[in-house]
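Both of the next two complexes hold chain A, though its partner changes from chain B to chain C.
This part shows the complex of A and B:
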């Protein structure tokens, strides 16, 4: 054991490769430089943040959560409250405390507040829920999402209820999104190789053996849940600043399932799977969107009828999962070839196929 | 007294819908551990089967014009057909996949069905007049009750009794219950996996069709998202009832229906918009109290 290299030495290539992939996207955005293209890249970075956020909990603990988008909603509204012009807030969101109503912060503070607020909310929810496991935990997290969305879509004086909150400062440069995506990948990686992350992964693969070896499963789950809640909050805040409008409906089932699908299609037990799932599915979605608008091939214009894009993406997902049930990365991490023997990211067969 | 009767009827009829939906999901979960998120889209598909495909705002009623005795079996057949087809085309390939993969596959399938409907019928809700005389209210002991509510409750009871008889008294039912209890063991004892699973899908599809018919009569509109909300509640009900337990799913469906109606009455007017938040809060409390559901089946317990 003594001369076995440390886990950092064996695995550091994974985050580097992932950051290079994100860097290529960033370079593409710089090279093209057009508004709509930048927006597409920004969208991809935001999804990377969200899906990596999901991965921190779902991938490491093996518990599917349907509730994380609720924390995204919390983050988005938090930054909206802090960064909008006082005049708009006073006319639309009268119920906010005076100190928020009278001030306007830079968006960086909005992002920070979103992370902290969503992380605290996740901690509070996790404190109660992390004793559950399996499908009961999944449903309980979904109930959390439903509660958050119901409150935000009815609390008129503070969230504007169903009507959209407009006037959030829009950030059009790609850099902040890129940096946030990198930061999130690094945080997820650091958590994954930390003592707590390793214990959690052990519990995912062999719950009984892990708890017999002294792993406090609820505690490790709570740590992961809190971190991932914070990341989801950041994703929400970035989303709010990318489009300038938030409504509670944005953060409900549609987004939940798209992000979950990206995670599962990529390979839900690996960080590489989370990032690759987003990048690959986003590229496919974008290509289909362009085809829906119409492409000129040899002078003739082809356009797909409305709805075909979604049907195609659904079919693509089903086909990928049919042939790669554990995702595109087969739950392994991307590593530099010479590191392949280290055993990093090699998936362990699930202990019991029946348990959820 | 009359107010109480009204609440009782409301709770029972809403609960009936949830119970039927939960049953449809629990049946499939029982035999193949699949949480079928496409169930809500089956419901919408069955309802749209009554219309002729068109993207106009006005609905062109097609099959919906058939006499009731033909229409109802037709829609049930559509539901069963779609459900079995999805098993053959999609879910058969996922028998050995992990539950998360199956869940996402079912969601993707639901997505495909939904946008297929959108392509044919557009996303605008359309109004359709199906047995609208049933929604006209009549008075029973002072409570104003549309006959539809009574019919919903009655039909649900009939369906539940039929299904119970089917499951308890026929060979197919026995095989299905055995498969739900322990699938590997059942196969070793001669239960044909494909047949039992297809049967479960067929019954589940018919339940979706029944829910669709009741929903469309109640609301008078068809919408590609009409099944989504109900499917979610039904899903929650299956878990609260105890996954794999059919009576549990039904009972939990009624419980959630009752909780929703009672909260609507009991909550102060200011808090009423937050009704669903309270219902889901109750769900969380319930899960913490009984993580395995009200009627945890033996098979659902984690073995070491």
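This part shows the complex of A and C:
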């Protein structure tokens, strides 16, 4: 048999296609240029960061985590602490260390600190959690979320407790969010094709056989958990800079639910699924929002009653999952030149007829 | 100390049920050791003990003289003890090549090196054409070969095969016998063969242990096992129709 091309040579088209999809959104923002439209695109990029972050752990390990939005919270507050004006911090968040109170960093440093802080927190939590598996692990991750939100909701002098932290510098241009989304897609891809990613997917399929193949499962899970925690922290920081306000409530069940839904609808075992789930559900959500506000069709104005958006998105998800139980991508990766979803994430079953 | 994987005086109890009682067994390098016994005799449990999946309630397991009791399964594999499973347990969502690659990365290779070794291994066991197929849904005999290939990656010191011929035709079992002979000749590992196909065991093993209700009831070369009244007795009733004829 001839020398097989490397894993990179066989799979590089996937991240490129995904980046092109994100690029189209960025171009749309440039073309339209209106504030609200930009904000919509920014929201999508932030969700891409969050959902890809979830994918790195959940998709590769097969362990559902309900706790990742906790790391998003950590990232959001970290950048708030570092980038707000000292005057505001001194009046509202007196409990912060002096060095933070007296200084103000550029938001880029805020993002970096958010990644590191959330990544370290995920590492520490993961050290304990990764020994568990199955439903026990999932419930334990939920406990992590609850603990983080409780601490941040009550630590008045440092987080302002339940009141909003306002005055975070707002970044209104789209490209920093675009770049972060690209970076996150590339990191997730690199992890996916790494030794650790392969070992983790093997453990997802057959944990016993993976151990018998020399795979140290808790270790591989911890690596993914840490990377995904860092990415979730970045998403939180981006969120903070996109709206300028954070409260602990923002990072609780609602966001956990919507991000997990996007992952599942897209196809939770593939990176393409993570990105497409966000893009497609976000577009649907946006259309519904516009319809709630009212659209003019031929002089008549139609508006959906409020609340329809949530119901409709739920219905759409159920319909998609009924027809595609493993998500829109069927857990496969987008590849070029094949024009259909195919993939290295999930090779063709022999029953498909043609041998690949 | 001799180069062997050995269990001495191993006992395992599952909430009162004694699955293994004071079992002593030796798997020397370069030889095929057979392990037979009726269903529920404790064969798989012994393999689980030898590979770190099951902690013995008594006794010790040693690898070339060093105790490996309490060593987790992944480390046992890293020390050179490989196994297959009665039920296949391939990584269904991964390609056949990736299934083998996993062992490579599990043992510390880069993906590139692991893929090269996996390709060579597929060639060696005669299924290079399956490399890019999904492991889930392979025909039975191919699945068995992939499982053996996955275990053989990086030439383990010991290979434990749990009923590799189950469900195979006589011809397929013959191919398997040839593969086992090649493994011994070229990889030179110690091989433990668990099988209900007594014919295969008698022709290929150097030494055979017979387990019944968790106890070793006979040990010896094929000729002795074939002639043993006790072995014949143990198999009576449970498998008299099928294996009785072969014995």
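We adopt the following convention: the second predicted complex is superposed on the first by the 337 of 356 C-alpha atoms of A that agree within 3 Å, B and C clash if a C-alpha of one lies under 4 Å from a C-alpha of the other, contacts with A are read in each partner's own complex, and residues count from 1 in each chain.
In this section, a contact is a pair of C-beta atoms (placed from the backbone, for glycine too) under 8 Å apart; a residue touches a chain by one contact, two chains touch by 3 or more.
Everything numeric in this text was worked out from a predicted model, so none of it was measured.
A.B. asks: Between chain B and chain C, whom does A:4 touch in the aligned arrangement: first, second, both, or neither?
C.D. replies: A:4 contacts chain C only, not chain B.
A.B. asks: Report for A:23: first if it touches chain B alone, second if chain C alone, otherwise both or neither.
C.D. replies: Once the two structures are laid over each other on A, A:23 reaches no partner at all.
A.B. asks: Between chain C and chain B, which one touches more residues of chain A when both complexes sit on the common chain A?
C.D. replies: In the superposed model, B touches more residues of chain A.
A.B. asks: In the overlay, answer first, second, both or neither for which of chain B and chain C A:143 touches.
C.D. replies: A:143 sits against chain B, while chain C stays out of touch.
A.B. asks: Could you tell me if A:86 is touching chain B, chain C, both of them or neither one (first, second, both, neither)?
C.D. replies: In the superposition, A:86 contacts neither chain B nor chain C.
A.B. asks: In the overlay, answer first, second, both or neither for which of chain B and chain C A:208 touches.
C.D. replies: Both partners, chain B and chain C.
A.B. asks: Touch test for A:95: chain B only (first), chain C only (second), both, or neither?
C.D. replies: A:95 sits against neither chain B nor chain C.
A.B. asks: For chain A, give the residues common to its interface with chain B and its interface with chain C.
C.D. replies: Of chain A, residues 208, 350, 355-356 contact chain B in one complex and chain C in the other.
A.B. asks: Show which residues of chain B lie in contact with chain A when the two form their complex.
C.D. replies: Interface residues on the chain B side: 33, 35, 37, 90, 93-94, 96-101, 103-105, 107-109, 111-112, 114-116, 118-119, 228, 232, 235-236, 239-240, 243, 273-274, 276-277, 280-281, 283-284, 287-288, 291-293, 299, 302-304.
A.B. asks: Which of the residues in chain A end up touching chain C in this complex?
C.D. replies: Listed in rising order, the residues are 1, 4, 6-7, 193-195, 198-199, 201-202, 204-206, 208-217, 269, 331, 345-351, 355-356.
A.B. asks: Under the stated contact criterion, what part of chain C meets chain A in this complex?
C.D. replies: Contact set of chain C toward chain A: 51, 53, 72-75, 77-78, 82-83, 85, 89-95, 97-99, 101-103, 105-112, 114-116, 119, 123, 128-129, 131-134, 136-139, 150-151, 153.
A.B. asks: Under the touch definition given earlier, write down the residues of chain A that touch chain B in their complex.
C.D. replies: So the residues of chain A in touch with chain B come to 64, 128-129, 131-136, 139-140, 142-144, 146-147, 150-151, 154, 207-208, 253, 257, 260-261, 264-265, 268, 305-308, 310-311, 313-315, 317-318, 321-322, 325-326, 350, 352-356.
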